[in-house]
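This report concerns only the one structure given below.
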Amino acid sequence: MAEGYRYLVPPPIVARGAAGDRLDVRMSQLIREAAPGQAFDVGFIGVPLSRASISPSAASENPTAIRLAWRLFASYNLDYDVDLAALRIADLGDVTMHVTDIPRCHANIEEAVVEALSSHPPFFPVFIGGDHSITCPIVKGLKRVTPGRTIGILQVDTHFDLRNLHDGGPSNGTPMRGLIESGTVAGSNIVTIGVHGHFNALAYKRYADEQGVRYYTVREVRRRGVEAVVDEALAYLRARVDAIYLTVDMDVLDVAFAPAAPASTPGGLATWDLLEAAHRIGREEKLAAMDLVCLDPHRDGRAQSTVKTGAHVVLNVLCGYAQRIRQQG
Amino acid sequence: MAEGYRYLVPPPIVARGAAGDRLDVRMSQLIREAAPGQAFDVGFIGVPLSRASISPSAASENPTAIRLAWRLFASYNLDYDVDLAALRIADLGDVTMHVTDIPRCHANIEEAVVEALSSHPPFFPVFIGGDHSITCPIVKGLKRVTPGRTIGILQVDTHFDLRNLHDGGPSNGTPMRGLIESGTVAGSNIVTIGVHGHFNALAYKRYADEQGVRYYTVREVRRRGVEAVVDEALAYLRARVDAIYLTVDMDVLDVAFAPAAPASTPGGLATWDLLEAAHRIGREEKLAAMDLVCLDPHRDGRAQSTVKTGAHVVLNVLCGYAQRIRQQG
Amino acid sequence: MAEGYRYLVPPPIVARGAAGDRLDVRMSQLIREAAPGQAFDVGFIGVPLSRASISPSAASENPTAIRLAWRLFASYNLDYDVDLAALRIADLGDVTMHVTDIPRCHANIEEAVVEALSSHPPFFPVFIGGDHSITCPIVKGLKRVTPGRTIGILQVDTHFDLRNLHDGGPSNGTPMRGLIESGTVAGSNIVTIGVHGHFNALAYKRYADEQGVRYYTVREVRRRGVEAVVDEALAYLRARVDAIYLTVDMDVLDVAFAPAAPASTPGGLATWDLLEAAHRIGREEKLAAMDLVCLDPHRDGRAQSTVKTGAHVVLNVLCGYAQRIRQQG
Amino acid sequence: MAEGYRYLVPPPIVARGAAGDRLDVRMSQLIREAAPGQAFDVGFIGVPLSRASISPSAASENPTAIRLAWRLFASYNLDYDVDLAALRIADLGDVTMHVTDIPRCHANIEEAVVEALSSHPPFFPVFIGGDHSITCPIVKGLKRVTPGRTIGILQVDTHFDLRNLHDGGPSNGTPMRGLIESGTVAGSNIVTIGVHGHFNALAYKRYADEQGVRYYTVREVRRRGVEAVVDEALAYLRARVDAIYLTVDMDVLDVAFAPAAPASTPGGLATWDLLEAAHRIGREEKLAAMDLVCLDPHRDGRAQSTVKTGAHVVLNVLCGYAQRIRQQG
Amino acid sequence: MAEGYRYLVPPPIVARGAAGDRLDVRMSQLIREAAPGQAFDVGFIGVPLSRASISPSAASENPTAIRLAWRLFASYNLDYDVDLAALRIADLGDVTMHVTDIPRCHANIEEAVVEALSSHPPFFPVFIGGDHSITCPIVKGLKRVTPGRTIGILQVDTHFDLRNLHDGGPSNGTPMRGLIESGTVAGSNIVTIGVHGHFNALAYKRYADEQGVRYYTVREVRRRGVEAVVDEALAYLRARVDAIYLTVDMDVLDVAFAPAAPASTPGGLATWDLLEAAHRIGREEKLAAMDLVCLDPHRDGRAQSTVKTGAHVVLNVLCGYAQRIRQQG
Amino acid sequence: MAEGYRYLVPPPIVARGAAGDRLDVRMSQLIREAAPGQAFDVGFIGVPLSRASISPSAASENPTAIRLAWRLFASYNLDYDVDLAALRIADLGDVTMHVTDIPRCHANIEEAVVEALSSHPPFFPVFIGGDHSITCPIVKGLKRVTPGRTIGILQVDTHFDLRNLHDGGPSNGTPMRGLIESGTVAGSNIVTIGVHGHFNALAYKRYADEQGVRYYTVREVRRRGVEAVVDEALAYLRARVDAIYLTVDMDVLDVAFAPAAPASTPGGLATWDLLEAAHRIGREEKLAAMDLVCLDPHRDGRAQSTVKTGAHVVLNVLCGYAQRIRQQG
């Protein structure tokens, strides 16, 4: 069991389930609990905060839901012919949260990022949210760990998340605003893929334009193809920053595909486009970390479609990552 | 509160909800209750009738569901860079219905159309059904208001709605038949987009052919692209009629996208195609009125995907409309 | 009522429901219960076994669910302008099952196939499962009926179903393995369309390669188009075998489209692609039989999207079949 | 198949399902389809009308739901040691309905009652609704068949159903009013058990008092015990009328027990009380007929608790009836 | 529309719906929006806070859900023969909340209580939560308005809500602790009805004993009868305090009756017991205010059983209140 | 982690979750994984078999569901003032199952019982099923461990479970029959509480009578009180046998209380009665072991009412057990 972290608690659920077939290796069999000092390639960190969500959300339950879901996924990916069994994958547990002190929760997240990355040899951190408010303290924490590095954000989201911080404080509507206003990330180093429809106020579209945030609507993604858009976005960021942070808000999907993303919309992305994007982004050499947010498993149907999709998005990023380090190795 | 209408009652629910962010203007903040004599650009009229549906339906609850949903939509549309705050939008309330006298309900609808359009300077009426039986009295009412105008119908639907009137009277399976047989609209002035599969009897396909109804299957829409099909349909109607009436039956969507449309089918349209069509149709200069029918909010899941989609279809038509009148203005 | 079969019992539910419109002929009005000796074109056989499923499944309830659903489908298909009323369609009832003796259930299935095909003039059998374990005894039965015929399998599935038979016996993870190991079908005479993602172990991908199983991932289907892939698969099999058996595992669909397929996945096929494939395969002259498996109606939502899709897939195959025999006739 | 009725159509669904155990006789095995002229003890008549319901209801689907549910019930009742296999039970099918002409539906019901009772030797008719509006034409039909007989009503319901007929016509809120105003049943020959809470307007409570309707609130039932109240009600009616008609509105149950009764309420009866009442009433020698109404199976959860309860209520009445005729025999 | 409050915003939803029957007066027709200075008997105040809940909750949506539900309830109560139309009932709107500053939310609640009670002649305030954390600032506010008054609490709840304030701050697990520790209410002036089972830690049972909190388990309520227990509790408090505050946590109900109370338990109260208690408490002359908490409408099934029950509990208290002031008047 | 068992595998899920409050000890914090040789008071053994169920069931998932639910329960029981923290409680994991060989599954269960009880000092075993077929091999295993001991069964169930073994083999309808026919338990040493309604065939009621099975219907339980019936049943068994085995089939509950028990019925027990019975039985000195069966968590609603109830039933038995050994100690 993981011991010695200050801002991280062991995972509340451990799934050891196998497929009942000795040849079928599942993700749940690969993932080990981390202890400070250990080395691994990929580290999962649960960030069970959703009381900073504007609308009520149980996204805080998502790290546990994803942990339970690992039993359902083989380590091997047939689309890309990659076996994640080649990676050492660790679960560092969940960031410690407080019931009623949201600022302290955000501070704990930032500290946990610093602690996690300082307690191990370099690894690829995957933050499992939680609502989108967590992205701001996570990226601030990454910045503290490697201060000299310029960070860019590749945001896959149906919203800009650029709301003003005065009306409600740092919520799931504000992470990009918070990063820009705090000087952590320049607006022009943010690319947002998937915004569309009647889900962003004109005022924030204007703010995005003023700050130089680059964005692609779902409509544009659909017309040009997700591959072209992702490649363009990565090329843009690659030329400007030292490290790219990927944040995936599950509400970028059409509501039929993500009933459990509280703000998913009609006309959003299809799962296949998001999965393709995830793999493509995973291969990016400057990709430094990622998060997955705004997935409320309490809203999922019995088929658990959104949880399965969220878990698969993470796996597809890791497949790209595995291919890249295999090539580099 | 709206007073003075004879065939319309005030909306049973008024949603005033805002986003909790002063810069984020929601549709619920724009829509005003109408009083006779007032001028506005767009007028919503609820038509809460679903006891004329062949299979049981709670589409009568849809006007209320849509009214509650306006809180979820910003006035600004990012795909088309249009802000509906530029429009004056009014809610005229619901057509008065009777519990057990369906012919009287249909008569009330026709009278309410005449009354609504006679009580205000010209506006773009949006009828929120209700089951599809309402389209027949609505269009008859429009015809009475402007008798000399030739009306064409652009029907987005998975069914022809051409059932015979003898076996069950004027139901949600008969609106197009009723309009043809009453001489209100010529069969050759009807274009239906989205019919397909095992959901239309051969006898009614033959009737459609005899009457010159033009139609596009979903399969054809998918092969040619929704834009091409919609443009062709609009060009066809534009050349033949003075005014185009749009009727959107939500069952044109694949059942995965519209679980709350009682007759939605596998293989139907995707939300993105319907949304694109809606905007394109909204820009049509001869578009005179529209309805949205066969959305039973009691069948929706917790994500309310069908209600959200229905509301967004209306908004996309209005975005096209707003762009057109902006250009004309 | 069907009498005289030994391994088949009459359907537990008979749906006689019509549309309430004399011109609208429904599938439930066409399908007749079979008695030994009768001639017909198409015969439905229910295979209500799902206790051989690895994960819990109520796919045993699917034959009844499909029978109830026939009331919802017109006999006429508008996409292909075919009326299935031209076919004589019979329901032979369900294969007799045992509560706790799974090997006997599998044996009964094989015997029922032999009995059904021996009791009637030649017809196109449609097996409604049930979990995927049923495909192995069905194809063995077909082989016994026409021993000299080489059988190929066109499998539409998100899994290879090539698990080893040692760890769990003949389950829904093993039908293709069972057919290969028993010498019933050569691995190189199997084509699988729709495998993808983290849902197949590396060991079984390797086994597929060793045995010469040909396969197309969903990703490839999406890039090349389902028509091209299906045509290529059919051409490949047509050149190699005497008879093609189609097995459709509903989990090939994206989980948004098939919530009731217990193992459906994010990124799977869309309904429209599966429906198009079904019709195309139905026209294949060497197509000899088909099954539909892994549809658990207890997991469907109120819209019954998966059951409706499964029924429509069968109908589209029959439309292709009707066109073919019309051309031949 | 039932033929020869004018106002009745054969049941759209026939369930022949058995328990898979030769010693376990299910209700579905006992019930036979009726043909005019046949003799039997009990006759089921489906009354699939719910478009006369004030709020949207799919109670029209209940006769089919109950028919499917007979597979779940043994013929033997352990509580009362009665085997319904001793009774001859027939299904006469459904009353013919019209899609949009509600008055014609009500007229058809009345005619069907006359036809059914005139086409067979005397039997105990069980009407499976449908919404509560059906009770009025049913009782009128019974009155026509036996004009000289005074009929009393034992109504188990959370509402008086005494709404005025002017505001909405004959709906599910008016059956008792309709019977009183038409002179079919005197108000003082109606006893209502189960009214309570904020679910009846003061005006109608006053009307009940004026007309001499006798009623027991749920609170009184709970305090005195359901046995005492039912016995008192039966004694009261027995002394006053020639024949007692039982009408059970499923909304008399607490909403936890009857989620599928659209108007069930908190604080209503528990299943055990309703079941006990049903048996007690079934033994009443003057009991002449019964109905079960306002059960919308589309609202039931997967456990189908309300449908199961509704079916069991009917069975408990029949157990009482079987005991009575056994004693008389 | 309500204007002039500083800590209260107008209700986001106004339901004006009637029953469609002129004689059937519904609660939604009685309730008026309040403006400062107006006089009324009963005032509803929404307290839409649930981010202070330990487990995720959408109880913040409950005030809106209850407002929508008023359309379903007649003003007349048949059990007690009381018509609430005799009362003047006002809706003062919702307390202003902040998205991420929970302490500010609690401060706003306290201020809103002071403001509401200071802005009108005396009335009976009904606070519609929200999670149980709101009770602490509400009672503190009441204390500020009438400082000299001793307040006792009658808590109907399955939990003590006496958790320590150090581990999570003022959450829905701490309101009674907060009131005791702040000196607002003495432990011995708290009576809790409904605690039971494995839902309270031993440490807090001991704290309750130390502080003199009096409590009745559900088991005791069931054995002695809810009437006796409530009467004893009221007598105890009446003898000790000047004013009694009633707080109803919906999780006191058995989970079958309150699926939408996030912490409802097996073995809890039945609706009928809670409803009887509510009326009995409403008649208490020292009853000064009440709240209803921990009802998350997002968890309710389609029958909305928990919302309906919550609304009816409030109405039963008001019926008792109306009877009392009628007697006093 | 548990190692060294041959017929038991470690629990696939380990829940370590705490309440976030240092003073609130949860069951998940008490339960330790067992290793052969260890001593403890109570041992949980998962029996994840449900493919022997007559109707489809996912009761195989129940051991995992119960393990996850331990996080929700405090160790302290307020009703009986008992803290289970006084007990040493171990989880021995799950019995090894086979996918398609049901007889081998049953054999494994019997062997696992022998192995578990032979590998540790005496403890109270709690078997978490699974379907009811598991009771037969469990009791056979217990008999093998202590051959000289006469075993009696206290069955809380809505069915006799005495179906003949010829029609379907050893299923969830046959455990009592299997125990009688194998001579493991005499029919007269079986007491069944909770049978009722139309859910038991007459043939099996007669078999029960012939074999001397003693039974109490729910109706009798309700009339006499659950305490009296349980006491009488225990006294009867205590006088006749050396050891009492308790088997709780969750379908004994009314379907409103146990939607996830596939065969729960209207009119069944209420949770409070079952919970009271459980505690009373737990105090019985001859109680030697127990199981909990036929709980399919896939059928539970979001409130997880049935899983919570099942877990609480086990806890109440343990509270009785703890009180008893405390008294003995």
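Per-chain numbering from 1; labels A, B, C, D, E and F assigned in written order.
Convention: a contact is a pair of C-beta atoms (placed from the backbone, for glycine too) under 8 Å apart; a residue touches a chain by one contact, two chains touch by 3 or more.
Listed by chain with UniProt protein names: A, B, C, D, E, F = Formimidoylglutamase.
The shown structure was predicted, so the numbers you read here are calculated from the model rather than taken from an experiment.
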Chain A (Formimidoylglutamase) on chain B (Formimidoylglutamase), rotation in degrees - Cα superposition, rounded to nearest 5: 120
If I compare contact pairs by residue number, which of B-D, A-C or B-E overlaps with C-F on over half of them? B-D
Need the CA-centroid distance for the pair chain A (Formimidoylglutamase) / chain E (Formimidoylglutamase), whole Å please. 40
Intercentroid distance (Cα basis), chain D (Formimidoylglutamase) paired with chain C (Formimidoylglutamase), Å: 43
Please list all residues of chain D (Formimidoylglutamase) that touch 2 or more other chains. 20, 54, 99, 167-168, 256, 270, 298, 301-302
Can the chain contact pattern be summarised as a line, a ring, a star, a complete graph, or none of these (other)? other
What are all the touching pairs of chains? A-B, A-C, A-E, A-F, B-C, B-D, B-E, C-D, C-F, D-E, D-F, E-F
Chain F (Formimidoylglutamase) - residues contacting chain E (Formimidoylglutamase), complex: 19-25, 27, 73-79, 81, 83, 85, 256-257, 270-272, 275-276, 301-303, 305, 308-309, 312, 315
Provide the residue numbers of chain D (Formimidoylglutamase) that touch chain C (Formimidoylglutamase) in the complex, in ascending order. 10-18, 20, 68, 71, 99, 298, 302
Chain E (Formimidoylglutamase) partner contacts - residues on chain A (Formimidoylglutamase) that touch it in the complex: 50-52, 54, 56-58, 60-61, 98-103, 133, 167-171, 296, 298
For a test of understanding, state which residues of chain B (Formimidoylglutamase) touch chain C (Formimidoylglutamase) in their complex under the given definition. 54, 163-164, 167-168, 173, 195-205, 217-219, 222, 254-256, 259-260, 264-267, 270, 299, 301
